[in-house]
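Naming follows writing order (A, B, C and D), and every chain is counted from residue 1.
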Amino acid sequence: MSSQLLELYVFVLAAFTGYMVITRVPPLLHTPLMAATNAIAGISLVGSLIAAGAAQNRVATTLGFVAVVAATSNIVGGFIIVDRMLKMFKRDTGPAKQPPAKQPPSGA
Amino acid sequence: MSSQLLELYVFVLAAFTGYMVITRVPPLLHTPLMAATNAIAGISLVGSLIAAGAAQNRVATTLGFVAVVAATSNIVGGFIIVDRMLKMFKRDTGPAKQPPAKQPPSGA
Amino acid sequence: MRDLFIQASYLAASVMFILGLRMLTRPDKARRGMQLAGVGMLFAIVGTLLNHTIVDFRWIIAGLILGVIIGYPMGTRVPMTAMPQRIALSLTLSALAATLVGVAEYYTRMAAGTPPDRVTMTALGFEIMLGCITVAGTIVAAGKLQEWLPSRPLTYKGQNLLNGLVFLGIIALLITVIADPTQQWAFYSMIGVALLFGTMLVLPIGGADMPVVVALLNSYSGLASCATGFAIGNVILIISGSLDGSSGFILSVLMSKAMNRSFTNVLFGAFGSEPKAVGAKSSAGMSVRSIGVEDAAIQLAYAQLVIIIPGYGMAVAQAQHAVRELAELIEKRGGEVKFAVHPVAGRMPGHMNVLLAEANVPYDKLYDMDEINGEFDRADVALVIGANDVVNPAARSDKASPIYGMPILNADHAKSVIVLKRGMSAGFAGIENELFYDRKTSMLFGDAKASLTGLIGEIKNV
Amino acid sequence: MRDLFIQASYLAASVMFILGLRMLTRPDKARRGMQLAGVGMLFAIVGTLLNHTIVDFRWIIAGLILGVIIGYPMGTRVPMTAMPQRIALSLTLSALAATLVGVAEYYTRMAAGTPPDRVTMTALGFEIMLGCITVAGTIVAAGKLQEWLPSRPLTYKGQNLLNGLVFLGIIALLITVIADPTQQWAFYSMIGVALLFGTMLVLPIGGADMPVVVALLNSYSGLASCATGFAIGNVILIISGSLDGSSGFILSVLMSKAMNRSFTNVLFGAFGSEPKAVGAKSSAGMSVRSIGVEDAAIQLAYAQLVIIIPGYGMAVAQAQHAVRELAELIEKRGGEVKFAVHPVAGRMPGHMNVLLAEANVPYDKLYDMDEINGEFDRADVALVIGANDVVNPAARSDKASPIYGMPILNADHAKSVIVLKRGMSAGFAGIENELFYDRKTSMLFGDAKASLTGLIGEIKNV
């Protein structure tokens, strides 16, 4: 079977899986969910690395480099922030453990 | 990517999907579920047809023929019986519609 | 172009299969779902028939026609009570098909002098191995369930050791043929040994354990068709194979959980081999109160809430229709009737549900264990119809009991209990049941169907 | 061998991603789940770096380092209240990466004189199109959310027509380049037009609608990376892309449902463009009862059950910590406190949950709408903190209202209602709220944080 066709199957099945997994995430965690899937989307780093390292031509290398920067910062930032968020969700356990981090005001 | 590898991905994802779909089937329908998946497993007819029709050599044709018979009877019988079963499951709607079919005794 | 259509039909089929199973999660959509899956199957078949490699249609047509002729009665005739062996048999068929395809593939490649490469051979090897084990195993299982074969466990000393050795033999042959695909002798003798192993594996197991075994074999056959898919490079086989496999696996886990047994215990334990004699220690000195049809009828006629607990005995007695009649009668007299269905009542998952549905009991009257267990305290009568283990209080109290820890229906919480069974013999687990000796329990002996007909007649006259 | 390892690492990564997201269904497992996903990411990266085609690591290393330098503060510094724009920005980044990879791929193939075949070109085309739309759109969205750009809707006559034309332009270019992949001009001008379209699409939409837009763009960027996956034949991109896509899609549907709006309405409606003036018809002649901190404090101090309803205002006022303090104080005095969180309170799904979690409110004190709505009748005080639309009874009663039919929290069922807001101005939906004019409602005007600090002080002295 042509590999592009197989990739189509992978796509369909992955979409199913995604749909079924994500519909079961409780509203409580919807913000972390958004952040999480975005962080995972940083996987486009995979393609970027190849573009940046294949040394095919200067243009590809440059574009690849920028892509690597973008994807990496997205991954690093994304996973850190998700972890920060999820760390905050606690069951009721007497006195709160860590003191709430001070926050700079912001326009949200 | 090698197509065998892609098939591996398909397998993994399909297993996920299967797991998630089937864990959500209520106990009420577990018998139909068993019958249903078996009927679907009759898809091995696909391979059988090719074996029986490719006319590669007499052995393959014969084996293919037997396989076709087995798979077909499984599909036909399977889907009919599942439909029979599911037809029986009804919400409460006053008097029962069709009279219960008479059953030959059996050892089950 | 044509090829595109073939592939599209396969993709459509796979999607329809998944969606179809997904609709099985809702009783009201289930039927439409399976019809969808059926359409998917049609797509797949048509798609395949367009395949270029198919040049000669004579055998195909013959096979299809013969298959329909055999399959149609299998679908229309088989009674619901025969589902367990029916399912076992359908496993045999699909596994058989998968296996034969594998053999044909191997033979052709060898004949054409183009032996399969290692990866393909691995797939083929596993397919044949799993396929043969399933074929042999399911045939034995079906035989036992249909009682063509002695359904009691056949055990002999050192059987597990022997099985183990045979299995090692299979693996050895498998490795040989993978290492060098041209070793035809290894390939073909593996078929023989695998068939042997399947038989030896299932033969010792008691008929009542079969459902677990069948479910387990189901997951094997699922894997087998996945392997076929890998071998001949066909995705739809892989997909439906894994759907089949996971359902088999999940259900076998569910069953052994609900029976609190482990796989190993089911497969190698030959559980329940020596049925404990009636009147074992636990019941020594206790006495049962037998009751007549009349008195039972009175109790039921004036009860506010009756909870009916069907069990394997109802299936044996084919009493489901009588049960419905009784329920309707009580309701006509103003009483409330609910059905309490234990997840492993009967001999396969959902067994009772199907039988009662067949008797036109609406499924919103059937309650799962967790839904109903709270209500027994309200119930005036718990009517136990051929159930035993699933209402055995020992599961709660008696640490020594083999079913200790298995969740049960709290029949003993009802104000009074009426048990319909033929005698005092034990159930599947082969153990005593204190419930029958409880003061508020009265036993209505006799075949469930007969007793029920009696009850119905009496209540009409009350 | 090495290749095998690469592939294994990809497969492992995909599995870890799925399992990781699956663990997000349980708050107590969620964190471990995402760490698992993180490990998966590491696997994928390492696997890629072993790839033969990578010959020059200088740019890679530079890029990775720079990326970490930029990403780290983005992760550690960004306040929770800035999540919406943070998410928009992270979309920009991943879409940007995907797009650039696509462009590089196309450029390289053209330079090497081996133009991509149709299928690949289709994938590339879609990737670039979706990618560019997302990049431009999310930048605008982030700008509006951060209020660098005017967050009010910018509408002009015939804008939808114009957008439509531009979109047709993109499609035309897309078809051209697919039909003949060597048409470089079409490819590159498509990039420009797509960027333009993304800007024009989002610019007119009001800042408050952004979350829906962002979620929608999220599903686009997911599709974009799927397309990349197809283009460069990399499965893991396809898998994570579809995970990303489905989450975006599901959430946008969820939001527009909860706001009962349609996509079209969100995208082309420029809803809430003319904020209805305070004291619109509905409120004519009605009067609000303002209350002082002291009286409010007394009410809260002696309440048995207080249900706190946080809204967007709490986010604006950064009042989450003060809220927690107040709740703890009331509980110390023996009162019971529950938090009622509406699915679309705030400006993104789960907004309130995150803020309250940040303030160390245990999540088992946060109740979904359906769980809590029954309890308001028991509640002595419903404390509305910067919420408005989500407690607007018009959604139940007033067929004319734009939010009619949107499920709301039954604050008006509580014995008394205290509302903390700065003035009488409307909320997101830009409509009057009768609740504020209800007899049992008292308004505590002022910035939520200030008012809360006041309340805390008073209650201490009660």
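Convention: a contact is a pair of C-beta atoms (placed from the backbone, for glycine too) under 8 Å apart; a residue touches a chain by one contact, two chains touch by 3 or more.
Quick caveat: nothing in here was measured; it's all calculated off a predicted structure.
In terms of C-beta pairs in contact, A-D outnumbers the other of B-D and A-D. Between the CA-based centres of chain B and chain D the separation comes to 43 Å, rounded to the whole angstrom.
The geometric centre of chain B is 14 Å away from that of chain C, both derived from CA atoms. If you average the Cα atoms of chain C and of chain D, the two centres end up 47 Å apart.
Under the contact definition stated at the top, the residues of chain C that touch 2 or more other chains are 18, 233-235, 239. Counting only residues that touch two or more partner chains, chain A has 1, 3, 6-7, 9-10, 13-14, 16-17, 21. Here the chains touching each other pair up as A-B, A-C, A-D, B-C, B-D.
The part of chain B that touches chain D in the complex is made up of residues 1, 5-6, 8-9, 12-13, 16. The touching residues of chain B, counted against chain C in their complex, run 3-4, 7, 10-11, 14-15, 17-19, 21-57, 59-61, 63-93, 96-98, 100-101, 103-108.
Interface residues of chain B, counted against chain A in their complex, comprise 1-3, 6-7, 9-10, 13-14, 16-17, 20-21.
Of all residues in chain C, only 13, 17-18, 20-22, 24-25, 27-28, 30-31, 34-35, 37-38, 41, 44-45, 48-49, 51, 53-57, 59-60, 62-64, 66-68, 70-76, 78-87, 90-91, 93-94, 96-98, 100-101, 103-105, 107-108, 111-112, 119, 145-147, 215, 218, 221-222, 225-226, 228-230, 232-248, 250-251, 254, 315-316, 318, 321, 324, 341, 343, 347-351, 353-354, 357-360, 362-366, 368 touch chain B in the complex they form.
The part of chain D that touches chain B in the complex is made up of residues 7, 11, 14-15, 18, 233-235, 239.
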